[in-house]
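By written order: A, B, C, D and E. Residues from 1 in each chain.
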């Protein structure tokens, strides 16, 4: 994600960032422009269709469906935005959860070794969740001063689960040793369960796009709408039909493109969530709370 | 559910997957096409209705109601999507819940027999919930190394309830034996209650479609709208009225069809939730956490 | 509620169930039809208003407001649907809650008498809540093998509250007798509080319709819109204005009618929630879990 | 709030309740009617503007913006309805909370004095919250059989906070005396915290209207739209422009008026929440549960 | 934020508050007005384009896209409003949380020193969160009667986290000293965790605007729409095209401007949340509850 000033109109209008839809759609927009020119040439100069032809009234179709396609695409974009915002909320919850667990461990267990353990484990969870969501096979950032708990981590298996498991086992061990009381165990339970809840919810967004028949229908509808658009409007717009159809396509295509990009917020695109930044903030803030990292 | 690449436009446009609405609606679209041809033939060549007839202005009706039908169908589709997404969230919660329970049992109870018990019971819950939602009479996947707890399961009764009951009784027994403390009982309570909450919520989505009078009204509205559409437009579109009406029907019918398919996400259709896959993932991840399965 | 197959188009189109809006609106639709005929007759054949009259352009009003009335009614229907669905969720939560409490009691308290008590009390709560929401004065289904706790129930007072009270007192008594521990008391607390939360939320939906001035405005708007509709369209539609206005009224009236019916989901209408069925399912499933009923 | 039958169409159409928007807007509607007449008179009979003047095409503006103003106002009304419904939910939660606390106290503490204390304190909270939200300086309804706890209440300070404080201190005292155990303290905690949460959420709705620039923009937009409306339509509607513009204003103004009235649900208007009734119901039901009031 | 009377129409219409969009957009509206005049002059008087030119039908574009831009902007504004309202809810939750914690501490711990500690720490959290969100480097308001806990606060680090940490450590210390029991620790846990949850959620709204490609697309779409608007309408509106286009721009621009202002509710603009006022209310109410501040 790139931070931007949402009030910078001039920049928004004339700069083409890498994430700009106009830039990504440029080849298709050009194609639509040329196709419309061709249709205009064919109808006006080759076939010389007269204005009293029935073809002239094809725009009836576009009037009847123009509203449906607009509202469908705006709804589609908003549904995608809801998924993106839910992804952001989940990572926000990860931040809160990491801080709260660190604050509580700091207060409850004075033992330096335990604090050091969590100073490592908590940020590691965020890192491994990011790696897991981006499907990269990353090495665990384990330094040489190893804890025996880490040895059990198997990179072939689900890594965030294992790190959550190590933390839960650590807390259970602290409870069994009497380092924390049963009441404190209950107080820590919310944060410990929450890691896995967040991971599962991110996986859900990642692996479940909107239903295929819905998605395919929207693309087919745009295609039908745009490809028939120049046929009738040639009679009122002449060769101006080419820029007009291109602009209509730019708008409809951009709405679909924005929706596609933001419905999966866990990637490396410009619009995707800044997971690396959030994870490093978790590391920084947990480091401030739990010394000795 | 079939996983697809939401950015593959060409494929979305020209491939007709089994779930494609164009394919499912093909017979009806053909029917609407032929009906419109017939109307055009009757009005233009048989009755020879003159363009100054009142019939010519019937499209007034379609202008007045065109917006209403579009927004109604888009809302309908979004309501259905919300149900589908809620179903997905519930199965996501089942994943989280299964993992958290397994992680906690692993940490709290070192006893191999107990771990083996939960390594079986947790994935079994997901399997039985799927079977329950798909109304299949499935055999419980019990291997020969039986636990006495399983013998009480009666396949005539509500199976997920019984498996949840077995797990709750097991945990209560562990508590009474002193294998877990009261504080740990409280910590496990959220996960144990959650299984039944998820099951009940899935049943709710499954057995409560949108109100019948709403659903019937939408179908009647589409029928009225489409069947009167060619009558007036014949005067401006001639025989072109047939493809135009067919396309309008394709759009309206697809919106309704997508809504019908996704409002019950627990079935075997292409758009339905991949419950088999999720259940097998639960089995896999619980197996990673609790050894000895 | 009547269960129906949401994919049965033919049936939806041509059958008129008791809940069908076309059937309920039939007298009003006929009235609108006759009124429009009358207007057409008056303007065309009595007053013989010329097409260059200002009256001809009254439809300007309907173009300006046509969108507003459509979106208003679709929003209205969706708000009503949200209330209906919230009602369904509450009864779904009652199912979950009843099951969870039964499962926990079964696991925690082996005493047959206690189990018998809850095997009766839990389904009774659902029954009494239904009776309470439908404002029927129903007798409590108490068999002869009476428990002294039931004697305190006063049918003049709020019955669900009293049944919840009996259950809470029973659990407190079990706690004081040492039959359940304090940790188990905490584990049962969620389910016990939830009964009253569900009851209060159902009462809220029942006794709070949408604000009166909003509801009255929508009806006045439909009336104004429909009653002025034939005046101008007579000049373009002639006597065809009668079916056209009748169809427009059918659509707008149906949206309002569906909204009115589903915004209070706790009644005996065809679209209302199947509370009797849900309550009997609760009885059945609790009976499966807690023997001896 | 006035209870009404949402199916009574005839009554809704022809009765003008005190909350009716047509009644409240009557002076403004008359003003708009006269203004439009004046515009028509000026353009048609004074200036005698010819139909080929550019002025004739001003309605282009209203076509371009007609949709925007409709959807904006419908959204505005729905946002206001959400606030109203949230207010209703909060008071519903207060009902649930009051009942649950009373039921639990009844079960846990047999001591008559304590029960009497809560039989007074719980309904008092609802009363004081209503008074607090309506900004009335009401006397506390304290009878002569005073408890020393009440003496500490200072009517200059935040009263609901103080009543919540008295209840929390009472429960803590019961805990310290051993009248309730620690597990029971935990069980009561949810209800005790919830009072203050409800109060704060009501205050939020009360003291935070929608952003001023949004609200001012909507009013300016309606003004601009309506005041320019007759200018162009005079050429197609003649003096009929006056009723047409008046009706359009009635619709747009009603949507805004309904939104304004329901976005603050805590007042004494007809559409406001029946807080007095809810509070007296709380008193009634708590009185049924906790005897001796 | 400025408190206003939402029913003061006259004031809303004619006063231009500092937050008014008409005022902020004035230079741009003037620019659009002049640009449209220039286009009209060029087309009518310089190029003398004939009405039978294709250019005349460019408004086809605006008809096709007019609906899309309206609904897109209304949705955009509502999404921004949701963020603003979520921000308000979070600060409302901070109020509730601060009050509940103060009430509980007051009841549980009679020790004056502890009460004094929380009488300072709780309002300080609100102050520091405001400062943190507004990115001001503010001094901590510590009076001379210092507690050693405060010395550890490092203004270079995340300050709200540190204050939350001090409170959590204080409560843990009270628990270890036996001043509060384990059950009371559990009862206080919700409030203590909630501070950090609120802070994290505010940070999320602050640092995550809507996706850049979405935001940039909306601005480009407005620009394209407005800049091409006068070209075709010159033929029907003549020089009237300038005020018409200016009004259309005022409406579309205002919707975008309102959205931009309210999507980040934590600033010093007129529409931003009154954090200073809320924080001082927290100080006031906590001061009423916990004496000795």
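The rule we apply is simple: a residue touches a chain if its C-beta (ideal position, glycine included) is under 8 Å from a C-beta of that chain, and two chains touch if they have at least 3 such contacts.
The shown structure was predicted, so the numbers you read here are calculated from the model rather than taken from an experiment.
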item	value
Shared interface numbering between chain C and chain B [over half = same, under half = different]	different
Separation of mean Cα positions, chain E and chain B [Å, integer]	37
Centre distance in Å when chain A and chain B are each reduced to the mean of their C-alpha atoms	23
Junction residues of chain B, two or more chains touched	67, 71, 182-183, 186
Overall pattern in which the protein chains touch one another (line/ring/star/complete/other)	ring
Starting from chain D, with chain E taken as the next chain, the full ring order	D, E, A, B, C
Complex contact set, residues of chain B against chain A	1-4, 6-7, 9, 12-13, 17, 19-22, 59, 62, 66-67, 70-71, 73-74, 77-78, 81, 84, 88-89, 92-93, 95-96, 99-100, 103-104, 106-108, 181-184, 186-187, 190-191, 233, 236-240, 244, 247-248, 250-252, 254-255, 257-258, 261-262, 270-271, 273, 285, 288-289
Residue ranges of chain E in contact with chain A within the complex	54-55, 57-58, 60-61, 63-65, 67-68, 71-72, 75, 79, 154, 157-158, 161-162, 164-165, 168-169, 171-172, 175, 182-183, 185-186, 189, 193, 196-197, 199-201, 203-204, 207-217, 219-221, 223-224, 228, 260, 263-264
